[in-house]
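Each in structure tokens, the structures are laid out below.
There are two complexes below, and they share chain A, which is joined by chain B in the first and by chain C in the second.
On to the complex of A and B.
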């Protein structure tokens, strides 16, 4: 073995050492959370140590799940349509503002982009007033809520869906626009000469080529909507219609004890869907980010 | 039928403060079934012209007729033209078959069963029937280019528009495709407008070529006509490789004079330059005859002096020799004037070395004379077959 090889072996060892340390650093909080959620008494041993045989319980997970189940369901009802809608609308808007050419598209694009910079907090009061006073969907659509499976609180969820879609459109438009700018102009012109209308071009050419960017926006928007607490509190509030983040914030709160275990279990349960979504679209996501 | 006619077509791009004229008052007629090549340096307006024909650019002034309809305001998809792009512009997510189907599906009411044999037939004609199930990223450049052609051909349009379709291919493939494309167009008999900046493509492919410069049409003529009887100095310099040699000269009595040499004119030629005082003297490299004056002693020899004493022969020095195989390109300069260089081509068998002194003979029958101010041709070289015909402008 030459000196050079030995030196590079040493460097390799150092590199892996640092990487393992970093993995430990990032995973430690998760590990502590997991261990805490499995202990009968979280404070009995050091937080990162696994529970002893007699101290092990799944009771905290059961508790958390039963308290969050309704919220999880609401969150799915909220996040899935909101994500798909904002990605679709962002894609069509970007197509209209990037690939097609028409007079006055620049000012409109600027309005879209400006939407990205409006903080959630700035619109809380107007937003709640809008849905509560000007457009109370639970009252306006009273006949609809009479249908089986539907409840008036679905009106609040619908309002929340629309709010998230509206709030998501600027960023999804920008993401798709960046992507569409790299499309060959000649390809679109070829399609025009082939006789395709703008809508057909979108449907047959742009949309199939957008799959990687859809993965990016779906993951991004799903996480965004799923994790949101602010809009959920203001538009829906605690109650039957609340998305999971609302009951999660109240989980384990009692005067007698700080419910570490149940809180940790709840956090894992609430985070699970976003991880599943990431795994589902991960490969396409990487492609979309790379371009 | 499908005669394509441009009638005083102008295109101006709005550049905020002022308009940029890309195409200026262009008029020409492309006959049914003709292969017309639009050629010119980059930025001359040839692509803009093609895009106006396709309907991808609006027309600022003038009219474009296809057959008996004016197509100025007809949408691209309703013009019945097909275009082949430089980048091929294939749809990357579709197979070759789907790429070729697309135009028929979007522009006709043909059913899938009717489209299928049409696409297969076209693919067989182009030799890409084996590739129908592949996607563009699995094809070589040449194959992609064939698919792009097939996509245009399968639609059976009135007019093919081709925007530098061969320029992304390597040299060998390009010259093969040149021949094949010409044959194909001959068989199909579809009116074709072909844009290129490559004068070799223009010379070899076109029934006629239209030379553009700065948005202005310079000449429409058959390739040989443009070569032998260029309408002006620009055409003379653009067509032909290596390009024509030019010297700016003054008319003095019955001679043309420049710092490096004096060229006497016979009566007939003298009459042609009667109205001008400044001329551009042009001669093609292959028209220059080189006589060797090899050894130093030859300098003093009687024979050598006899040759130079011919009033259309000049003593020159070889600067650079570029062997091409079949011929040699020789860069020459006049003795005592390094800055005045010109190019001659000689047989590939003949060997010349840099620094050598040679005698260049420029026959009077081979020279072109252009007006020094307007650049218009006042005299073109004499050729038996074309002597009588006037160059069309």
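On to the complex of A and C.
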């Protein structure tokens, strides 16, 4: 546990002073972004000051939103299924490699865990070739894209979803494994003696007990998929199917300094879902990263 | 165990059949995710390695008839590659070391039964939840020449302003500072968990031995944070290897600011802009080798400690 004895009042005060100053360090770039996004001219006043009454505008937010709206929608279509699928597959993989205990599972597990640390540059060319040449979903599933509400570029999004699921499995497996290791062996043994099959044990015992870990994994993985730029560029590229990070990286680049208001507003719009998730579930996020 | 011999020999057959039952029953759960992940991770790395042995460039197919290591020898004679490798190592080492130092200091301050410690932690960790694309926008503005906070601060201290992003001598340090801002909270969380796992008695024992606070940390606490340091550094290094998203977003193109090219950005540029696919694949393999050199000792260490 932590140090119990309390320092003297003066030192305690100093400690709080430092910690509060550090809040400034971590929040100032974000606060400055917010203030700048609300100013008519980002150069008019010091960046951290709020806009004056005559210099206040929501126009930058409107502009940024109109440029990012399509990307936001694509990101939702991408991140929600990709997150749920990789969490589910991570949970079953961890169950099959942890709770179900068999000889020789360690090498398989090492392959799963090493997958967390792969630099994606080592797979990018095969990944883009695979989706572009060998399995071009936008062409192969043409009949599907003819259905109402669907467009050919959804094929690229589907490819991106599958890629994110595949590359997300290692981390979700590790998260669930650290959780399942602490489950009591007696509980599983008792169920087995009652004649329960592995499927039944997973469905009736493990899955219901996994809810807290699903919260951690879903939040962590949602943030990862939502925030990704590299796969989005390589698998989908700029255009109608692009997730929000792609247009955001281009936003205001041609507008020089005046464009910073739009850039900042855009950064907030693109970050909003992750910020909301983080504020609501900060505890789970901290658990996810600490594992 | 001397009396267990007969028991083991009679148990053996059932034990073995249990093992294979367990194995067969487990397949349904781990094999599908393993195949999907294995195809995209290890299959792709293998394919990438083969491409790196060819001469592929442009948009045509890959000619696998002649395989050699020319792309690798080419890299070592390429000043762009040497420069990107140097920058990668500078980024990797400086970023990791500074994050760990700040994270440790923060964790030690936080580990004092503070009020609102969850609130502090939430705020320190907030930047990590943001996309590199988002934080790159924030820091472009922070480093702006005319009205960026960094230049405002240094000119109020009496120094002259700098072009942080467009000056090739400064940009890498500026990027490292921004990344430290984003990830030092992570190092803090890992260290705090490590500190809280140290049994209370050890503090008291050191106290009764008359150790002062500095010695207490030096002798008792820091050595026990070895595990936390190792896991945090591995994860931070992996983040640093993924800094591509941040550098791409600074310019919105495959060409990062001059002076900040790392292997990750160079590889993507060679692959998708210059279309030197075989060369890019070779750079990817070398990045993979670098990652392997970092994670193999780490996974071995974790395995020995039974924490895998």
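Quick note on the criterion: the second predicted complex is superposed on the first by the 264 of 291 C-alpha atoms of A that agree within 3 Å, B and C clash if a C-alpha of one lies under 4 Å from a C-alpha of the other, contacts with A are read in each partner's own complex, and residues count from 1 in each chain.
Criterion: a residue touches a chain if its C-beta (ideal position, glycine included) is under 8 Å from a C-beta of that chain, and two chains touch if they have at least 3 such contacts.
Owing to the predicted nature of the structure, the values given are computational and were not obtained by experimental measurement.
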Residue contacts on chain A - larger count, chain B or chain C: C
Contacts of A:278 with chain B and chain C, given as first, second, both or neither: second
Partner chain(s) touched by A:187 [first = chain B, second = chain C, both, neither]: first
First (chain B), second (chain C), both or neither touched by A:195: first
Contacts of A:209 with chain B and chain C, given as first, second, both or neither: first
Partner chain(s) touched by A:231 [first = chain B, second = chain C, both, neither]: neither
Which superposed partner A:61 touches (first chain B, second chain C, both, neither): neither
Contact residues of chain A, present in both the chain B and the chain C interface: 197
Parts of chain A lying in touch with chain C, wherever the complex brings them together: 1-4, 6-7, 15-16, 18-19, 22-23, 25-30, 32-33, 36, 42-43, 46-48, 89-90, 92-93, 95-97, 100-106, 108-130, 133, 163, 165-167, 169-170, 173, 197-199, 202, 223, 226-230, 233-234, 245, 248-251, 253, 257, 260, 263-264, 266-267, 270-271, 274-275, 277-279, 282-283, 285-286, 289-290
Touching residues (chain side chain B, partner chain A) in the complex: 54-56, 76-77, 81-83, 85-87, 89-93, 102-103, 106-108, 151, 155
Residues on chain C engaged by chain A in the complex (per definition of touch): 19-20, 22-23, 25-34, 36-45, 47-48, 51, 61-62, 106, 109-114, 118, 120-142, 144, 146-149, 152, 181, 185-186, 189-190, 193, 195-196, 198-200, 203, 234, 238, 241-242, 244-245, 248-249, 251-252, 263-264, 267-268, 271-272, 277, 280-281, 283-285, 287-288, 290-291, 294-295, 299, 303, 308
For the chain A and chain B complex, residues of the former touching the latter: 184, 186-187, 189-197, 200, 204-205, 208-209
